[in-house]
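Mind having a look at this structure? Questions to follow.
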Amino acid sequence: MLASRRTKGGIFAAATIAVAALVASALPAQAETGVTSSTIKLGITVPLTGAAAPGYNKIPGAMKAYFDYVNANGGVYGRKIQLVVKDDGYSPATTLSVTNDLILKDKVFALVGTLGTANNEATTRLVNSHSVPRLFVNTGFSGFADMKKYPTTFPLFPSYATEAKVMGKYLADNFAGKKVALIYQDDDFGLDAIKGFTTAGTNFVAKIPYSAFSQVDPTTAPKWVTALVAAQADTVIMFGVTSATAALAGAIYKAGLLGKIQMILGSVGSDGTTLKGLLGPLAPALAGTISASFLPSASDATDEYITLFKSINAQYNAGQVFDNNILTGMNTAMMTVQALRAAGTTPTRAKLIKAIETKGSTWASASLSPILFSATSHVGYTGYWFGKLGADGNAVSADGPGKYTLYSTDSGSGPVVKAAAARPAMPAKGLPTN
Amino acid sequence: MKHKSPLQRFALSIVVGAVLLLASGHIDELRAYQGAQIAIFAIAIASIVLLTGYSGQISLGHGALMAIGGYASVIAQIHWHLPYPLAFIVGTAIGALAGFLLGIAAARLRGPYLAGTTLALAVGLPSLANQFHILGGEQGLTFDVGTAPPWIGKEFSQYRWFFWVCVTAALAIFWLLRNLLSTRYGRRWRAVRSNPTAAALSGIDVGRAKVLAFTLSSAVAGLAGSLFAMLLGLVAPLAFTLTLSFTLVTGAVLAGVSNLGGSIVGAVVLVAIPELSGSIAAHLGGSEKVTSNLPGVITGVLLILTVLFAPNGPKLPHRKR
Amino acid sequence: MTIFLNTILIGLNSGAIYSLMSLALVLVWRSTRVVNFAAAGQAILSTYLGYEAMNRFHNYWLSLPVAVIAGALISALVEALVMRPLAKRTKGTPVEAIAPVIATLGVLGLIRSLAGMIWGNTFLQYTSPLSSMGFKIGHTTIPFSPQNAAIVIGSVVVMAIFAAIFKFTRLGLSLRAASFQPEISRLSGVRVDRMRTIGWAFAGAAGAVAGALVTPTMFLSPNSLDLLLVTGFVAAVIGGLESLVGAVVGGLVLGLGFAFILQYIGSSIIFSAAFVILIAVLLIRPQGIFGARSSREA
């Protein structure tokens, strides 16, 4: 069923691209949409209001701050980057409406960092039919790696399935013989993860699904704890969003089980600052919690990227506390600037996509994971390191500051490799020269 | 306005349709999309007008009924490989079935109790998508109706095609409903709304009339949901939230609730308000906290003012009853 | 057995909160025949004001009355500025029942956006000095903390106060009269308009208590009470909309029902379950558990 759908979508996408290409080639040469002699216009959709907004709404500001920094230092071949931010309230229908505005009215060159699985899915047809590059989408749904269905889309973050596979290996290495339970969101996010754990061969003493809709009900989490105790679990994997993660941490703490049940968090729900904000006086509940990340610790003072991003944040994004959301936004923006530079002095949408496919894997990025972009793969990061949350809520590497052990893999069934993390050095002053 | 015969109305629909469809060649893609949106909202609002304005029942759950229609269409396409016009009919029929079942329960309930029940439906139903694998979970199912058929012209954009489909569907629905409401069913529903006791005394089976109204209303909502799924290219729980249900009721009130023609005005306002408040907010500017919340403030104020100063919808010429 | 008792405690705690919100909706329904969706907005605004007061006084207990008074004032203002003129304009029209619902939705959206504008769409902490650690009985910690106790006690106190006002005071008598026989009350000298505003103010106070008590167990954001609006309304409908006792019973039915479903069936069907519980109750009693047998039209 899935296969037939994909083929159909693929044929449709291919056909529309062919038509678009024909139309484009018939037109006289002119400047690309969204690019003028002095500007490049990009667009992003993200929840700025509504229940899903807290945390995510810091990302566009961080991206703007980094773009402003680059603009102040000459821009991209003299062009200043503009970011048009649209609030979609996390509703796919609104995402489509505002993306129509971005593509048809604001006429952006490309979309960057658009957030949410169903939200990106809803704009796919529009994006494909106009061949708009959609860079570094903010979702871990593994489906977006399908280049036939999403020819202009580049997921940067590892998929949930990859993350679970990597975590399975980490558990086998460090938690052999423990009674591990899993709490997961009962949608594609959690089910993707279960796929990954199955590949890794992880056994759970209990698997507890929860509904994405019930996460705000304060009475849900105590019930998880009852179930964990009933299953005699001593380790729990939490594959959920931040609010659910905070609720679990709080409930374990309130039940006096801190230290008796080890929490291990997936990357989605592990933003320390947000967790601390959610937990308030219960923040000690996070002590000893292990989390998976692909970006370095936001508190790692020895990290050159972190140090630079912090100073940009202080200068161009005043008043915002530096956390994982800001780090994510700046890192995405830095990748974007390299992609725009690689598209050359007369950038087109086609050149931009080609540039990421051919050169993307060599670019500088704060992430400790290698980047796998190629002509046959649109998957970005595929690796994680594991660390314990420190007092400020940020994860700290067990290997000491600046040193990380990375578990990486491919997006398929390949093995998980454990190695010391290595990445390209940051360009001088964080200004790409690629 | 004079009483028209079904044939006259049919002719009117054809003329309006021809004008709109010809006009579609001269508007840009964005307007074509908004036109399609307006047509879908008009159908959905008409389904509420039918229910509330003509049979006196209140529903806060029509977003959920749209979801039922949308999901049914998509499943009909994916699993039964039906061409999409047939998938729309399946969506309409399943919507009717759901409405029939709900209507049986609803006929016993009055005002706020029905509102509460349908509200619980609107909140509960979308979460079912994560329960059954066939419904595709949180990321939903894609719905691909393809591009315009070749005979219609080569450079026919996707949105222009959607505009055609939605406008045609809307005209057909309005023509059908207008005719239906001038039959004895329409008269019965009006009687039930204005005075259930008197209606019962004069031999009308009030319960049956209400169930029928609910069934029909849900069928129309189901069609709106199918078209909505086409426009979005997918069905997903997040696309059919409580907010959608509330939006539809809002549109119905802006339409004047008992005025079928007003549905179109209500739909235009629903599409215009976010655009209007967005551009006002963009002009005013301010810090990010302010700009991101300004559209919400403006929408809230506009809604309150509209209800306060035009609570009965637009002053359209009312048909004689 | 322990699990069973724990489930009851969890259910009582959420039931108490649902009851308060349900009470806020019932008080408005009794006084003006309006389902007030702005209740969640009013409660969130009063909770933010309580949060501000706590930042100023550094004392949770002092911030409570601030939140409650603010809640009552906000609610009275909404009634006087929006609902009363609207009721006069729509009297006898087809939108009489439904236009007020839309107006309250407008107020809800307006307040939430204003809160976002002022305090940001971010998580804030409104903390209580009471521990959130569960009580210890022997070696086991039960899922019931001093703050949970405050929630239950606070709810009981609020309900007792309202019961006393309605049962024993002249004001309560006027409120009841204005709500059930407005025309006759007006003739016998009751100032019906004022009674309606007071009914709304009481409702706002109840919602404010709910917001200020439950927020320390979670977090504060412009949307953090949204879910409570839905559960409160469902609870009110189960209870029968007219009755204060019904509001409380409805809240407890829903709170305990949810807790047992969460414990024994699973959390993913929780909202479908709300629908099923509601349909089950209404099929047996279409007017809710404590509703009047032939309640007047909406």
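All chains are identified by letter, namely A, B and C, in their written order; residue positions are counted from 1 within each chain.
In this section, a contact is a pair of C-beta atoms (placed from the backbone, for glycine too) under 8 Å apart; a residue touches a chain by one contact, two chains touch by 3 or more.
The model shown is predicted, which means the values in this text are computed figures rather than measured ones.
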| item | value |
| --- | --- |
| Taking each chain's C-alpha mean as its centre, the one farthest from subunit C | A |
| A-B or B-C, whichever has more C-beta pairs in contact | B-C |
| Where subunit A and subunit C are represented by their mean Cα positions, the distance between them in whole Å | 38 |
| Rounded Å distance, subunit A centre to subunit B centre (Cα mean) | 36 |
| Intercentroid distance (Cα basis), subunit C paired with subunit B, Å | 31 |
| Junction residues of subunit A, two or more chains touched | 48-49, 57, 186, 211, 213 |
| Sequence positions of subunit C contacting 2 or more other chains | 113, 116, 121, 268-271 |
| Sites on subunit B at which at least two other chains make contact | 123, 127, 130-131, 292-293, 295-296 |
| Sites on subunit C touched by subunit B in the complex | 29, 35, 37, 82, 85-86, 89-90, 93-95, 97-99, 101-103, 105-114, 116-118, 120-121, 230, 233-234, 236-237, 241, 268-275, 278-279, 282-283, 286-288, 291, 295, 297-298 |
| In the complex with subunit C, residue positions of subunit A that touch it | 48-51, 53-55, 57, 186, 209-211, 213-214, 216-220, 222-223, 225-226, 230, 243, 246, 250-251, 253-257, 274, 277-278, 280-282 |
| Residues of subunit A touching subunit B in the complex | 1, 5, 8-9, 12, 16, 48-49, 57, 61, 87, 90-94, 96-97, 100-101, 104-105, 117-119, 121-122, 124-126, 129, 141, 143, 185-189, 191, 211-213 |
| Residues of subunit C touching subunit A in the complex | 3, 6-7, 10-11, 13-14, 113, 116, 121-125, 127, 132-134, 136, 141, 143, 145, 214, 217-219, 221-224, 226-227, 255, 258-259, 262-263, 266-271 |
| Residue ranges of subunit B in contact with subunit A within the complex | 28-30, 33, 37, 78-79, 123, 126-127, 130-131, 137-140, 142, 144, 146-147, 158, 228, 231-234, 236-239, 241, 243-244, 274, 288, 292-293, 295-296 |
